[in-house]
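Across the two complexes that follow, chain A remains constant while its partner is chain B and subsequently chain C.
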Partner chain A sequence: MQDFLMLVLEPFHEVFAGFKRFAPNILAMLTILIGGLITARVVRLLLRKTLTALNFDAWSDRMGFTVMMRKSDVWTKPTEAVTRSVFWFLVIFTIMIGLSALKVQAVDNLVAQFFLYLPRVFSAVLILVIGYVAAGFISRTVLISLVNRGYHYAKLLAEAVRLLLVVLILAMALEQLAVAPNIVVAAFSIIFGGIVIALAIAFGVGGIDAARRVIEKGASEKVEQKDEIQHL
Partner chain B sequence: MSDFYQTGIITTLHNLGKPSLERIEGELEQFGKTRPVALVLPSLYSEFEGPAMPRIVEELAKVKYLCEVVLVLDKATEREFRKVREFLAPIKSGVSVIHNDGKRVQEIYDTLKRNELDAGQRGKGRSAWLAYGYILASGKCDVIALHDCDIVTYSREMLARLCYPVVNPNLDYVFCKGYYSRVTNKMHGRVTRLLITPLVRSLEMLTGQHRFLRFLDSFRYPLAGEFAMSTDLARVNRIPWDWGLEVGSLAEVYRNYSPRRVCQVDIAANYEHKHQALSAGDAEQGLMKMTVDICKSIFRTLASEGVIFSDGLFKSLSVAYLRMAEDTIMKYEADAAINGLEFDRHEEANAVEAFTKAIRLAAQVYMETPMGTPLIPNWNRVTSAIPGILEMLKTAVDRDNQ
Partner chain C sequence: MNSIISRQEVRDSIGRIGSADIVVGIPSYNNARTIGHVVRAIQAGLAKYFPDRKCVLVNSDGGSRDGTMDVVRSTRIEDQAAILVHHRTDSVPVIATAYEGIPGKGSAFRTIFQIADALDAKACAVVDSDLRSITPEWVELLIKPVIRDEAEFVAPLYHRHKFDGTITNSIVYPLTRALYGKSVRQPIGGDFGFSGKLARFYLSKDVWETDVARFGVDIWMTTTAVANGFNVSQSFLGAKIHDTKDPGADLSAMLYQVVSATFGLMEDYAAVWKQVKSTEPVRTYGFQYAVGLEQVNVNVERMLGIFREGLRNLREIWIAVVGQGDFGEIELLGRAGNDVFRFPRNLWSRIIYDYALAFHHKKLPAEHLIKSLTPLYLGRTASFVLEMRDADQAGAEAEIERLCEEFEKNKVHLQNNWK
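== the complex of A and B ==
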């Protein structure tokens, strides 16, 4: 009878012993989560006050970041978007650290993968932000220079340049995030290569006369310039 | 039929003979290919519940030359906004409805505010200004026409005649204002008849010949809310957001363009819309509020042109205006008599007394704050401060209309 009782109680003892070993981990996780959430809230508050003091919203409006947000159908203030992003990043970060405190092999692997992936996310965001600003700048430069040269399709060409750059930037960001990298690279190569080949064919075959005129005009202008009287 | 006499320093285009609407619309369709036309309709939701709007939509559904119609909807909930979009569905060119109280458009106002750009208070001026911004952002049209949404006697001929002088490239006008008579069984348009004209002429008498006063006096109905203009003007013009909208806009046209490129056109034999109460005892409501704002706008424009105002001048102005307005009443009494119209001389005299009070109030406000112009900055300045604002506005409106 004693043996039978032992047989029945043994699993309970084992579970209890396991729980005793595991309880501090849960406690540690809860402490980390509570501490992390409080920290995230404090950081959000401080960040919001700092960004408001720095007039971050107006700066974003002028730099074009607000336009980028609106095009993505995000209609909150830039300060609010940044503080919310930082808050949720800290919350996820805290959850990951909290989970790692459980010391469960499967969870540990997941957490390790998350932290290894973080630098990629940072690089992708950086590429997107810098790329967007650069695309806007280059597109504007193309527009101004073509308008000054009197091209009728200046706006269209500037938009085309911007679109191409955006496609390039998106491909770079996706490649950085390792989202189906082979497909992204292949798709980008096909699209970009296709456009370049199409332009080459259009210019070389369809616009052969126009190309000749442009080259001849350029050459004749050079000759004319040489003939001009040079002032002392 | 009207006469063909040209008055003032701007061109007057009369309604002579029996001009064919089909011919004008046919020409507008042709000209519209190279100079596309946008129509701006500033409206309140309550106007959709009145008799005017169904007729306006019915008429606009027959118009083929419009490239874009932009309706700015004020004081409407999300559900009412959706109802309005359904209501406007018969208009073939499609209507972009700017939901002024919508979340996205409100965010646009917030963006302006945090960049120290004051779009002013809710009203026709701000609505029109926002619609111009949307049209500039679309970049599809060269001409903008605007009319109110409370015209009970609306016909598409009004719109055609309003657009024609600016759309026709051979005429080369940049701004065209509509005019019409406002007569039922009696004469309406008290503010124009009994305030603007006598006030402008009194000012001319006291300050001497001034080109702006001549310009203002050249318009047969300077307070008409219907006009057409080139989109360039929409970019450079600053618009008042208060009741000084019409006079203030004319002042901006005067400032930016030669009167030779400005005209007025007879758009309707008769015109009927909602009438404002006089509310002589309250300067913050009805016609009194309107007249105070109009007078302030005129005083400030003249001051910016170098006219020096003093207490003495304002005192003389009140007396001169009163005399001139009383003479005007007599002229209109005779006009009413020959045409068999009702004419309440006492009511007209009461209006003149209220307007005299309004002139004094406006003068007082002007002397206290001569710089306080309620002008919304022009789009050139706004895009200079926030380069992406037009794109933001277009995104907001297009998303709302998806």
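== the complex of A and C ==
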């Protein structure tokens, strides 16, 4: 009978002993989670105040980020979007660290993979942000300089330049994230090439009249009256 | 001596000369074709009007490859009697040197100021190297008010064709006049007289590694003199005719250089111009006479075409800068036919102030912002040409005067929104 009871209670002892060994890990995880959440909230508050003081919303308007967000159906203010992103990043970061405190082999592997992937995410975000700013700047440069030269399709060409650059940037970001890199490169080549061919066909076939006008304008410029004004 | 004058031969020349009463400087870059005439005019002017003064001619060159400096060194007036000079026999000492620093007219001027400072000059003048209409009298008119202690800065006053100098007439002159309260008619004329004290003041400013060294030094010199309370005057020099500029030169790049320099100075002297409530004339030297000017052809249709392209394509930028209300007025202009196209003075002055505010508030990168002004500027210029087609020189000048008054009237808009 005694042996039978031992046999029945043994698993409970083992579970309890295991729980005793595991309890500090859970406690550590909970502490990390609570500490991390408090830190994330404090960081969110400080970041919001700092960005507001720096007029980040106005700067985003100027740089075209707000427009980009609206186009992506994001309707919060840029300051709010950044603070929320940072907050949730810190929450995920905290959860990952908390999970690693459990010292479970499978979870440890997952956490290790997450941290190994982080640099790629950072690079991709950096490429997207810098790329978007650069694309906007180059596109606006093209637009203004074509308008000042009197070209009729300035906006169309500037938007085409922006589109090509955005496609290039997206491909670079996805390649950085290692999301099916072969497919990304192939898709990029197809899309980029497709856009170029589409533009060529659109201009060559669809825009025969427009092309004729541009060519005629170019020819007539040679004989049109020249300005002799000295602006300075 | 400051390290800017690092060349041994320049230091030797300064050492030999010792000191000078008058220094006349010519900035140059590949001007061998025209600089000889300028040098002869200066030599004649110095001999004729300042025979008892110790004078030095400085050529500050940007590394010309066409022998500009050789032309300066070798140019002499062969027959002084022919230009009614009887007193002077010695030729004017010449220092011709390549300037150092950022390539540009500002760096060339800096070297001239340095040499003037080293020679302890009492009066200085700078003139462009491509002038065809310069006469010996220019030297007298730019320097005599300074040497007599009647002025510390002498700006030029030219007669130009009514359609020439439109950036000056429609932006720089009305704006600087309304801002600083002095009616200096040609603030970016390029040919100036100034005292040795003012040259030293210019040198003391920490601008020689900025855009002032590259472009915009003309407006910088005028504004610095006016805003810092130097005694400013102007001299009538007759017609200004200079070597034909590159016809392919980009108007919007030119506009960017001049306007960004003017707007940049508004940042530096905000405390000064905010206090200015009225405009006063500056003393004008020289006997004014009518000048025969060549016909200037203007392609108004092309200008209005670019204005309308701007209206179609730069809508978002213009609304962000001038606001929905004024953009509505611009839109109405776009619908007017070419013959009846008129760009109101009032609207134009508000647009310039709004661009100055946008520059101040950094609404866009400076180059994009100012270059986006080009179609509006061409619209205003076309309107001026259409309105003044049958007017004489005095009529065109009266229209510019009315524009200046609009700028003065609307200055309160700038003052209220400058934060």
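Throughout what follows, the second predicted complex is superposed on the first by the 192 of 232 C-alpha atoms of A that agree within 3 Å, B and C clash if a C-alpha of one lies under 4 Å from a C-alpha of the other, contacts with A are read in each partner's own complex, and residues count from 1 in each chain.
Methods note: a contact is a pair of C-beta atoms (placed from the backbone, for glycine too) under 8 Å apart; a residue touches a chain by one contact, two chains touch by 3 or more.
Treat the numbers as computed from the prediction; the structure is a model and nothing was measured.
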item	value
Of chain B and chain C, the chain that contacts the larger number of chain A residues	C
Which of chain B and chain C A:Lys77 touches, first, second, both or neither	first
First, second, both or neither for A:Phe137, with chain B first and chain C second	second
Which superposed partner A:Val147 touches (first chain B, second chain C, both, neither)	second
Contacts of A:Arg62 with chain B and chain C, given as first, second, both or neither	both
Partner chain(s) touched by A:Lys20 [first = chain B, second = chain C, both, neither]	neither
On chain A, positions contacted by chain B and by chain C	62
Footprint of chain B on chain A - complex, ascending	55, 57-58, 61-62, 64, 66-67, 70-71, 73, 75, 77
Sites on chain B touched by chain A in the complex	103-104, 107, 110-111, 114-115, 385-389, 391-392, 395-396, 399
Touch list for chain A against partner chain C, complex	62, 137, 140-141, 143-152, 154-155, 158, 224-232
Chain C residues within the chain A interface of the complex	160, 163-168, 188, 245, 247, 250-252, 254-255, 258, 296-299, 302-303, 305-306, 309-310, 312-314, 317, 362-365, 368, 371-372, 374-375, 381
